[in-house]
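The following pair of complexes shares a single chain, subunit A, combined with subunit B in the former and subunit C in the latter.
And now, the complex of A and B:
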């Protein structure tokens, strides 16, 4: 299978969308772009953890270097960054919970003989996604209020 | 007469290094589909335009194209439904382009073939020389019949963001069909298919973007089939799955006498 697939891609004009399809792949609806949002927030959290570990490394330089770095991190730009991390965490955690359930086939319903106009299982259960998004917005607003006050 | 602007992808192997868009003007007719527009161009404007089509009624799955940035069957897409007089038609993404709008679907068929899309019978003798049909309840049929409507058009593969980034991912079409056969009580190939799907590039790479089901022109819902396949595999590995009983074979019909006697011929036999 590998050889034939690779062979045909070499013979003809390659047309694989690649990673750019995460950003824009076509006129799809909500779930396709939640897929992108989940990945972006995941990568953002990974970046945060890496930076967090690097910043903690300043403790090895003694109290003065730790105080210096804390002063820099206390600037408003970093506060916005911290809020974005919290928001990314909320999105990733709640959407991840939905994905875990749906990856195991829960909340998707049973297969049905297709009757036109076709509505697939994800679209039938879209209220679950709307409820999740509402919860994300509510939590993000709550965290924003906590950050500001 | 109202006119439509068709922006069509062109690519001639050996001549063009990359695909480009050519614009055509097509007169609008009532009930016209995108395929009708392409046929008009081929018959009246440019007979070198290449595209694939056959049944013209959404059954064969030959005319899958990327129409106004969404994978659709050209014969199944009335231009009026698109809500615009500018129609952009490209070859299906994620498949190599042979020429103009003709995508190379080898990849789809190879992946489909690899999951053994047929009943693997536990009784090879009965499979080779069948004596009677296998019995199946209506409920059992409902468990997979939705997935059996697949026409192998490749739209789900064109929509899938994982197929877009991983050439070795089997894709929604073949994984959906793997579930279709695994859930069939007449089939005994579950282990083989689970083993194949449970790989580094296998079923776990599906992260439920749902674009495959959104694009499917036959309501097959491959995203649902893939999630049910994952559940079956998880339950199987945790030994929580009930073993499916193999389908029994129908008993031969007992000889019976008709309840009402067959009337005598009223016309004299010659």
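And now, the complex of A and C:
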């Protein structure tokens, strides 16, 4: 007996590559790697939120318990982790904004006749991606300077 | 249609989180003194505004995170029954985390 994939109802092909497709599945464009980065940063932020909420629980133990946990979190390894969380937030937020605008059609531009050599809407709107990446780098460097100083 | 609604909620919570996390970080870091000191934490815990911000952050963050995780798992073309089990498991986990996490600021506020 065959089992149908949930939500697919014969409309989609099965995802044969699975997680491997995050890294390679053919001739990927820049946006496809941003898709992977969006998921990786999202999972990292989800892990951070879980740890952050668990850490907040130490507040219930009173002032001594709070000071103890803050001493542990003040160590240099955690500071590096804190910076990575900030960088992940910047990447996830800006790329998420780009995805929302794109999904709603605002950044796709007007349709063009299919004249050879064919250029899809993603490639035509590539400057938006470069601008977003430049902003991500600028903000990540700024936050790094704030962390270091 | 159900999936579309869930996705639109994902966008709304994402935009909301951008502003809520931004407010959380900017106000915490710009406040006088060390933001993680017991005095600063207790000061924020006594404020109704901060309590409201924490609860909104929690609702938006949990929905956005858990729905995002569900989207990643569902992309793997899992069969219908495990998908149903996954939906209920994530819902129960989300509600359990919400119950635990919302108790901390409410307890501190009262």
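The definition used in the following text is that the second predicted complex is superposed on the first by the 133 of 149 C-alpha atoms of A that agree within 3 Å, B and C clash if a C-alpha of one lies under 4 Å from a C-alpha of the other, contacts with A are read in each partner's own complex, and residues count from 1 in each chain.
Here is the rule we use: contacts are C-beta pairs under 8 Å (C-beta built on N, C-alpha and C of every residue); 3 or more make two chains touch, one makes a residue touch a chain.
Computed from a predicted structure; not experimentally measured.
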First (subunit B), second (subunit C), both or neither touched by A:138: neither
First, second, both or neither for A:32, with subunit B first and subunit C second: first
Contacts of A:18 with subunit B and subunit C, given as first, second, both or neither: both
First, second, both or neither for A:105, with subunit B first and subunit C second: first
Larger contact residue set on subunit A - subunit B or subunit C: B
A:59 touches, of subunit B and subunit C: first, second, both or neither? second
Contacts of A:51 with subunit B and subunit C, given as first, second, both or neither: neither
Contacts of A:80 with subunit B and subunit C, given as first, second, both or neither: neither
Partner chain in contact with A:93 - subunit B first, subunit C second, else both or neither: second
Contacts on subunit A seen with subunit B and repeated with subunit C across the two complexes: 4-6, 8, 12, 14-15, 18-19, 39, 103
Residues of subunit B defined as touching subunit A within the complex: 11, 13, 18-19, 66, 68-71, 91-98, 103-104, 106-107, 110-111, 114, 142-147, 149, 159, 161, 164-165, 167-168, 207-211, 213-216, 218-221, 223-225, 227-228, 230-231, 234
Subunit C residues within the subunit A interface of the complex: 3, 11, 14-15, 17-18, 21, 36-38, 41, 45, 61, 65, 68-69, 72, 74-84, 97, 100-101, 104, 107-108
Residues of subunit A touching subunit C in the complex: 3-8, 12, 14-15, 18-19, 39, 42-43, 45-46, 49-50, 53, 56-57, 59-60, 63, 66-67, 70, 73, 89, 93, 96-97, 100, 103
Complex contacts: residues of subunit A adjacent to subunit B: 1-2, 4-6, 8-9, 11-19, 21-22, 25-29, 31-32, 34-36, 38-39, 99, 102-106, 108-116, 118-123
